[in-house]
Every structure is written in C-alpha cells, then in structure tokens.
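Some notes on the structure that comes next.
Each chain gets a letter, A, B, C and D, in the order it is written, and its residues are counted from 1.
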Amino acid sequence: MDLVTPVFWVFAGWSVVSAVLCITRRNPISSALWLVSTMFALAGIYVLLDAQFIAAVQVIVYAGAIMVLFLFVIMLLNVGDAPREWRRWPVGLLGVGLAAVLGAQLMMLGGYGRQRLADEFSTQPAPVNPALVFPEGMASAAAVAERGVVGAVAEPLFTAYLIPFEITSVLLLTAVIGAVVLAKKKL
Amino acid sequence: MLLGPSLALSAVLFTLGVLGVLVRRNAIVVFMCVELMLNAVNLSFVALAQVHGLGGQVMVIFVMTVAAAEAAVGLAIILAIFRHAQSVDLRQLTLLKG
Amino acid sequence: MTSLVWLTILFPLLGAVINGAIAIRRPEAKGLVSLVGVGALLGSFAVAIGIFLEVLAGDGTATRVLLWQWMPVTERLSIDLTLQVDRLSTVMLLVITGVGSLIHLFSVGYMKSDPGYARYFAYLNLFVAFMLVLVLGASLPVSFIGWEGVGLCSYLLIGFWYEVDANSDAGKKAFLANRIGDFGVLMAMFLLWWHVGTLDYDGLARQAPEVLAYAGAPVTLIALLLFLGCTGKSAQIPLFTWLPDAMAGPTPVSALIHAATMVTAGVFLVVRTGVIFSLAPVAMEVVAITGALTAFFAATIALRQNDIKKVLAYSTVSQLGYMFLAVGTGAWAAGIFHLVTHAFFKALLFLGSGSVIHAMHHAQHAAHAHGDAQDMRLMGGLRRAMPWTFVLMGIATLAIAGVPPLAGFWSKDEILAAAFVRGGGNTIYLVAWGLGLLAALMTAFYMARLMAMTFFGRFRGGDTLEPHLHEAPAVMTGPLVVLGLLSIVGGVLNLPGFAGGSHYLAHWLEPVTDATLPYLDRLEMPHGMTELLLVGGAITIALVGLALGMWTTLRRPVLTPAATPAATGLARVLEGKYFIDELYQKVFVGPTVWFSRRVLWQGIDQFLVDRMGVGGTARVAKGLGWLGSRLQNGHVALYLTLFVAGVVLLMRAVIGGAP
Amino acid sequence: MTPEMKGFLLFSSLKMLAVFTMTMVGVALMTLMERKVAGWIQNRPGPNRVGPTGLLQPVADGIKNFIKEETTPAAANRSLYTIAPAITFIPAMMLMAVIPLAAPLPLAVDFTLPVLGRFVYTGDLPMVVADLPIGFLFILAFSSLGVYGVALAGWASNSKYSLLGGLRASAQMISYEVALGLSLVPILLLSGNVAFSEIIRNQQEGLWYIAPLFLSFFVFLISGFAETNRLPFDLPEAEAELVAGYHSEYSAMKFSLFMIAEFAHILTISAMVTTLFFGGWDIPFTSWDEQGGVAQTLATHLAFFAKTFFWIFFVMWIRWTLPRFRYDQLMSLGWKVMLPLALVYIVVIAGAIWALDVLAPTISPTARAGALFLLNLPIGWGVFFFLDRGRIVQGVGQRAVPIRAGAEG
C-alpha cells in the first residue's frame, strides 16, 4: 500500500466538498473562499500527479492573484447575501438536470480507452496502434527527475510552445490595457 | 498513476462548475464557477501529462494566463456594470435584450 | 510600316480625345478642331498608303501585329489584341481613311456654323478609330470591339442634334436594331468557341473545316447567326428599318457611316469569315436571297420617296443588298469591289445631296423662310445655281445606274453575272438574279427621278429663295471632285476580260478568298456571247431606267407637298415603305413594351422581386428576428442554459452511444 | 507499512514538532526582543520587570492574551471574523517548514516500539521538515495566501478603518509580491534550481549570492519589508490614520494570532534572506561543515541561527529608525522602481550568465560568481546613484549650509 492513493482521495474529497460549498454558499465571499479551498486541494493533487511546479503556480496565480482580485471586487461592491439568492425553482431544476446530464456524459467518456480514441481519431481502418496516433512524450515524473521541477515545464514551454507563449504575453498586455480602460472612470 | 480517478474528479468538478453557472445569479459567483470549470480542465491536463508528456502542464500554464487575463477584464466589466446598474444580479442585467 | 498599323487607329483616337476635351472646355475653337480632326485622318491615310505600298509589294501573306495580351483566359483561349494586315484589310483601310478624309474635309464646310462642331469631330474621329479596329482586328472579339464601337458612334451621330426628339429616337432605333444583330454575332462567337476553340480569323480558316462538318447544323447555325449580325449592321431585311431613319444625322455622317463604311461592315464580316459561310451552302443561299430581296424592296420604296436623303438611304440599303447577293454567291471579290465603288459614288451622292441641302438651307436662312430643306418637291432647276454639284451628282447617278464605263457598271455587272452563273444550278440564285435585274432597273429609274426633281425643271421653292441659291464653298466641292474622279475610274480596279482587264482586284484578294475554294465551286465567269448578252442587257436596263425616270418625272410638273393628293394603292404602300415600321411596331415593339411593362416590370420586378422577393425576404427575416428576439430576453442565465443544452446535444452527437 | 516508511514518518513528525516549537518560542522571544531593541535605540531599558531582565515578559503577555475577553463587533460577519486570524496564522507557520536549518545529520537507527512496531532510518536526515523540490516557490505560494487573512479581517470587522487597512494591506502585499517573486528569478537562473538544498550547495561551491546577485538581494529585502507590513511600509496598520488597520476590532487571542503571524513572517523573511543570499547554514571559508556529522550539524545550525538573528535585528533596527512612507509613494516604489528593477536585472543576469557560458564554459563556480560580482559593482552603484539622486548617500555633507571662512571672523 502506498501513501499517495489515500492522500489523493483526501484531497479529492476536500476539493469536491469545497466546490459544492462554493456553489451553494449565499455569501459571495464565502463562495470565493471555498473556491480558494478547492484550488488549494487541486494544488495538492497536482503534487501527487508529479506536477509540483504547476501546483506552486496554481497557488501563486489562482489563489494568490486571481481569487484575491475576486475578493477585492466583491468587497468593493459590497454585495452581501441576497435575500433569496436562488433562482426560481423550475429554472434551478432545469439547471440541475442539464448539469446532471452533462456530468453523466462526461463520465461516459471514461469508456474511451486509448484504443478507441486512436480508432476514432485516425483516418486508418479500425484497429490502429495508439502509439502511432498519440506519440508518447516524456512522462512528468521522468522529466522532473531529469531536469528538475522548473526545467521540466520550461523545456517544452520555451521550445515547442514558444510562439503560443509569446502570444499569451500579448494577450496579457491586451487584458491589462482593457482592464484599465474599463475600470478607470476617467483616463 | 491515478489517471482514472483524476479524470473522474475533473469531470465532477466541471459539472459542479456548470451547475453553479446555471443556478447562481450573482455575476461574480457565476464568473467564479467558470474559474472552477477551468480548474477542472487543468486537472485533466495535469493528469494526462503524467502519461502523455509535459505538453499538458504547459497547457495548464496557458490556461492560467488566459484565466488571469479573463479575470482582469471580466472583473473590470463587472465593475463597470455595477457602476451603471448598481447591481451584479444577472436577473436585473437585461441590457442584452433583443 | 506594317508594324505601325496601330498608328492608323491611334491618330483618330487621339483626335477624338483632343476634340472631346476641346468640346468640353473650349467648343468655339473651331480652327483647332478642324486641324486636329482632319489632320488625324490625313495622318491615318498617309500611314494607310504606306501600308498599302508595302502590301502591294508583298506576296499576300498576312502580317499580324500583336499589341498586347488582352484576355489570357486559359491555355487554350487567350485572346490577344492583335491587328491583322492583309490585302482585304488594306482595301478597307484605304477606303475608310481615304473616303473618311474627304468627308472630314467636307464636314469642315458643312458643319461650319454648328455649335457642336468640336463634339461632331470628336465623334467622327472616334468612329474612324473604331471602324479601323473592326477591319484590322485579327480575331472576332477584337473586331467586335470595333463592331460595337461604330454602333455607339453611329448612335451618337444620328442623335447628334438630340434637341429634337425624332433625332434621338432615330439614334435609339439604330442602336436597338444593331443590338439585335450583335446578339447574333455574340452567339456565333460562343458557338465558334464551343465548337472550334478559337476565335482568330486565321485559326478559324484553318480549323473550322476540320471540326465543322460541311453543311452541318452547327456551321449553318453559326453562319446564320453571323449573318443576323450583318443584317443589323448592314440594314438588310429584316433589320433595315433603322437606316432610313438614320438620315436624321448630319449629311456627312450619312455619307461616311451610313453609306460608305459602317454599313458595309456586314459585307466585310461575311468575307472575313468566308470559310464558315462557304461550309454552309444553306446560309449562303439565305445571304444571297436576302440580299436580292433587300435590293429589290428597298429600290421599290425609293421610287416614291420625296426626301432626297431618304431616296439615297433606300438606295444604300438596295446597294448593300447587292453586296450581300455577291457574297452570297461566293463572289467575294465582286462584293468587295462593289463595296469600294459604292463607297465612292454613294459618298459622292450623299455629299452632293449635302451640298444641295446646304444651299437650300442657306437660301431659306437668307430669305428668312421656313421649309423642308430636304424635300425634292421644293427643289428643281438647281443645275443653274450649282453647276459643280450638278455635274458631279450626274456622274454619280450614271455610276450607280450602271452606265459604262463608270465604276458602278463594272461592279454591279460582276455581281449580276455571278448570280446568273450560280443560277445555272440553283433556282434560288436565278430568282436572286432576276430580282437584282429588276432592282437595277429601278435604281436607274429613281436616280433619274432624283436628278430630274432636283436639278431640272424650274425652282419650286419660291421666288424669294431663288436668288440666294449658290454653289457650296471649295472645301466642300473639292472632296466632291475627288470622289467624282474616283467614281469614274474606280472600275479599273477589277476590269473584266472583255474590257481588256484581268479582274485585278479579284486576283489580288485571292490570298484571302482562296481559303473557301475547297468548299465552294470556283465561279466560272461567262465568256463570249453570254457575257456580251449579259453586259448588253445590263446596259440596256440602265439606260431604259434612266430614260423612264427622266421622262416620267419631267412629263408633267412636279407638285409641291401642299398640292400633292394622297397616294392610293401601290403608290401608298410604297410611300409608306410597305408599312414595315408599323408592322414592327404592332408585332414586336407593342407586345414587347406590353410584356415589359405588365409582366416584367409590374409582374416580375414589382410584384415577384420587390414585394415577394425583397420585401418577402425582409418580412421573413423580420419575423424570424422577432421570434429570435423573444429568445433574447437579456437574461444571461437563459443564454447560458441554452448554451449548456447545446453542449449536451453536441456531446450526445459526438460520443454517440458511448458504452 | 514498511519499517523504513514508519521511520520516515516518525522523524518527519519529530521535525515538525521541533520546528513548530522553535518558531513559536522564537516568536515569543522576538516580541521581547523588539521591545528591547526599541528601548535600546530609544535609549531606555525596555521591559525589565517580569523575570530576569524581563525575560518572562512574553509568558506574561501570552497569559494575558489567553484570559482577555474575546469581543466581536455586532455587525461583523461572525464566521469570517473568526477564521481570518487563522488564515493569517497558518501560512505564516508553514513557511518555516521548507527552510533548511542545518547540515544534514547522518543517522542510522533501527528500533522497535511496543505497539507501533519496528522503525528504521538510514542515511542523511535533512534538517528541514520537507525538502520540497519546489523550494522557494512554496514560500511565495504560501506568503501570497497571507493576503486573505488580512483582507478578510478588514472586511469582516465591518469597520471602515479595518476595511481600509485590509484593502491597503492586500494591495501592498500583492504589489510587492510581484517584485519579490521576480527578484528570485536570478537565483533560479544562477543555481538552475528552486530547491533550497540545491541553492545552498551552489552557494557553498561558489560565492554567497549576495555578491553575484546584489540587486536581487536589495529588491528582495525591500519587498520583504513590505510583505511583512513592517515599517517603513506599515501603512495597513498605521495607527495614526487607521487606529490599527485591519485588526482594530480584534482583541485577545485573535489579535495575538495576527501578531504571531507578523513575527513569524519576520522570522521567515530573515531565514529566507539568510538561505538565499547568505549561504544558509553554510560556514564561510571552510568546507568542514559539509562533511556531515553531529558536530557539523550543530555548528551549521548555530551559523544559520546567527545569520537569521542578525536579519531579525536588522528588521527591527529599520523599524525604529525610518519613518513611514506615504501610501502613493509606497505604491509607486513598488510598481515603478522595484518591479522594473527586478525585470531589468533578470535580463542583465541572464545575459551575463549566457555570455559566461559561451565565453568560458569550463570556469569554476567561484570564478563565475566572482565575474558576476564584478558586473554587479557598476550596476549597483548606478542604481543607487540614480535612485538616490543625491538625497541620502551623499546627503548631509552636501546639504549642510557651507560656512564661509569670512563669516566667522
């Protein structure tokens, strides 16, 4: 018995409970805090999945920056508990039903093994070798062992994904300008 | 490896995010539920990166970047809307009415 | 020099541009306009002579001058703007620039006092440029540019005095009739491209016989469609009605466009595409009989016309009929020969009539009288006041009537002989020959009548006018003299054997016309007794016609318009031009207008397109938009729900019946 | 469960316990130290009544805080108001878990306990609770969580001073977090790793990073001050403007949790400076400490303690020396000076390292660090010259009114 699996389930349970609380709390601040909690649990899971760097970035960026921003906005607007936050029940029921169907469908995707994905993805006749369709990259654990936590992610990021990386910088710049223009009353 | 459980957890979190988007009517909370969905997808990426190489982790970084940009702009929009309508209740925001 | 052939087009084109600019900015600068307008033509003519001398020295092979690639459509169809200089186009080149120069010169005098002087010369120059494109083009599309361009210029010049409704209506009529013919040419071009794959004259002459079966349906259809275009452009039955109306334009225009050059374009086109026609004997018969019928009917109408220019107009239609009779029998050279001589004497006649009209007009102007300056019933005895004009028009009359040794005799005799020869094996040609003979008789008759009414007897226009009648200025009579000389000696171009010639023009054109020989029997011109009989008959008919015309006209005094009783019977039919116009009005124009107004405009356009189509689409879109706007109630929640529902459906579609 | 695993768990628990205890005790003593230093700087004795020279003062304070009445404002959001101090306290406590306190201790134990069974541990025991591969990223991540406590405390108190203080604190922390994180990138560039143990080993091989990465140290230190909300950046709790900032409404143990967190942050920042720029537990000019052994572990721990102690003292020294910044000055310093400085420095260091790798690939780590140090001299001088613009460094002498010779006589 290894220690990873039970820890995983602990984190998984934590994240699901937090997520449920996030979408059910009336107070937006509580929601935000429970979402932070979810993200924290996910960061833990990332560590278990050999993605330590992503885990750190998850906490720094998501919990440390994005959610703080949310919290700020909520505080600034001071939107407290609405007297009746829930939608009228038919709408709510419809939402629950739709989400349930979607969840069921997502779970059904579990039936897609490598072989089946490869068969549907490829243009070749039915039984194809999945290894040919999905070339295996270096798995996370091996890459971390070879290049360290940061290097493992940095290597593909600055080689194969360099152009997208540069484009995201433009995206960020655009977002900064957009946010300033939108939020500032007078430039 | 935990690939299967991770993907299942991802699906559950994603569904919860969708549910939140559908049933909540506070714009900020809806927005947070979108972030939850993004996180669920990130989990899938990370889980698959274990097997299929680090492209998945790189993608998570991109998703986070986009999420950050989205949060900045989205919250700025919500601020602007609040300034305009004194509310972030989606039921009262019917400016898009055709 | 041959490679500079584009200069002949460029000069008048530049002239048109410059004169057009002058017409807009400084219409009173008539000296400059004359210099540019006439100078352009003279320059063109000079180049043409240079080319002619070169072609004369050559062996008859065509020279092609590629100006630029025009439409490189595909590998196979690449239409270039190429000019072709061969013996046929050289003849046309000389006629157009030569006669054109003379008429330009004449116009300087005739149009002197017209306010639209610059505009007139711009149009006239433009016309010459297009006409040269037509005859010099090395392929159907290039010629078609000219073909359409001369149509446009014709329209502009017929309606030159557009302030009068009748004039602009005449212009429109000419344009529409031409458009009907152009449709035929276009269809013929499409069919040729479809069947043969080239539109080049050379290529057609080479490839058409290989591709198109002799006397087959396609080639016959193509030839007939081409001929439809020719009937429009050359005023043949059934599209001839526009030409008499075209006399609404200035008289030099009538001389240049509606007698000497543009209307002969049809004849030229038939000769150019002779191979196509020679492959379709049925089409040849149609051409010949149409030509003969036109010659006959137009001549009969001319018998009873009182407007001097109308007589000449119907005469032109009649003479064009002769030319088509010639090309219809395969006597290409005879057709071109008559085209050339006709250009000389008909231009002379028109210019002479212009001179007469000019004199009448000036006299009326000087006497402050008002009347129709073109009505022959108001003329008479003009020979005393206008001796030069009288002599020259007399020469032209003898020429057109077919009195030897003037030019018209030789060319007309050639045509009739050709028809007679073909008639030996084909009754249709014999009928055509008979109609031609009758037309010749009537030609002599109505020309004599014209001369008698205009120049003999006493002046009927009133005593106040008579002192003011005088000869036209030298700038107008000069060209007349030149044309008179040409009308006299033009026949030497193609003197037949018995007159000591050797059919020089026919032999000269052989490099062009011989392409048709394999599909068309060579015309064996009659010799000996038969020839002499035919010639004698022709001379007799001409003399009899002239004498009859003179006699019947001078027998009793000509009645002035006011005194003329309403005509009855056949005379009324002839005076009414067989009521063809009225017939067309009833059969074609009326129903077309009705159909256009009721069905196309009110029915299809207003109801179907506007109300049902555009309005209906708009209403449907509006309705759908209304429905859609119900959906778009502004609640983001609804949008999100629908979006998720869409995702669910998509998932359902993509993963299908996943386990 | 294997005996090795049980051994690992046992020693990890022991280390956790030890570090927690040490931090708590250290914080308690730091409260005393702060007051002593303040007294010393202000030329007064400081607390000296409880225990010998006031040593028991922290105990007295603790007892007082425990037995004081807990108050909660009526309009406060009760649950968030309660949880906010904990949210501040927990991340602060966790930070010490990843900092190596001494050289690894070679260990070989094998024993059996009555109920739990056999425990085995062989090899070097790292003197750190968890030698995480993500190293200082962990510190960055958890220190960024501290914002929540502050912001929530301010908001949940439902008081305008608290709210303003909370917002100020959060904005300040977020702003300086950026510069803080970026100032650490040159370390990653130089050491090629983010793990503390690797960084320390690199410094042992070459020079302490204070030499080759001087500007990083400078930016890190200033950002660290801001992160801990210490003077001269204690705008969030500026008592003159905001009563006490985000914790105005707190009392008793809740308040003391904030205080503990603040002192824990000071401790962490000092330990970080020590570890990242001053070689951690490394004893300079000797390689004896890297041999391994109980004596070495104790000696290196003392070295680490001494360095950290100095930086704690430095922080207090600064607090009682410099006046407070104005809020807009604070923000423009963060965004307009520290952030660009850190960014440019990353570019410079990256270029220099690349040039060194290309020009002299076989150079020894010491020489490499030395070359970077030489590069840092003009850069550092230039930065201070332009930042200062003759206000402090050349200061007094120039500003003093020149006394003319003739005026005296």
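Everything that follows uses one rule, which is that contacts are C-beta pairs under 8 Å (C-beta built on N, C-alpha and C of every residue); 3 or more make two chains touch, one makes a residue touch a chain.
Remember, it's a predicted structure, so these values are computed and weren't measured experimentally.
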- Chain with minimal offset from the mean of all protein Cα atoms: B
- Query: Distance-wise, how many Å sit between the C-alpha centres of subunit A and subunit D, to the nearest whole number?
  - Reply: 31
- Could you please state the distance in Å, as a whole number, between where the Cα atoms of subunit B are centred and where those of subunit C are centred? 80
- subunit A-subunit B separation of Cα centroids, rounded to whole Å: 8
- In subunit A, which residues are in touch with two or more of the other chains? 53, 57, 65, 87, 91, 94-95, 98-99, 102, 106, 109
- Shared-interface residues of subunit B (touching two or more other chains) are 18, 22, 25
- Message: I need the residues of subunit C touching at least two other chains; which ones are they?
- Response: 637, 641, 644
- Topology of the chain contact graph, where touching chains are joined (line, ring, star, complete, other): other
- Message: Help me check something: in the complex, which residues belonging to subunit A touch subunit C?
- Response: 87, 91, 94-95, 98-99, 101-102, 105-106, 108-109, 111-112
- subunit A contacts subunit D in the complex at 1, 3, 27, 29-30, 33, 36, 43, 52-53, 55-57, 59-60, 63-65, 68, 71-72, 75, 144, 148-151
- So, in the complex, the side of subunit D touching subunit A is made of residues 1, 5, 77, 79-80, 132-134, 137-138, 140-142, 144-145, 147-148, 151-152, 155, 163, 166-167, 170, 174, 177, 181, 188, 192-195
- subunit C residues touching subunit B in their complex are 628-629, 631-637, 639-641, 644
- Can you list the residues on subunit A that touch subunit B in the complex? 4-5, 8-9, 12, 15-16, 19-20, 22-23, 28, 31-32, 35, 38-39, 42, 45-46, 48-51, 53-54, 57-58, 61-62, 65-67, 69-70, 73-74, 76-77, 79, 82, 85-87, 91-92, 94-96, 98-100, 102-103, 106-107, 109-110, 134, 136-141, 143, 152-153, 155-157, 160-161, 164-165, 168, 171-172, 174-176, 178-183, 185
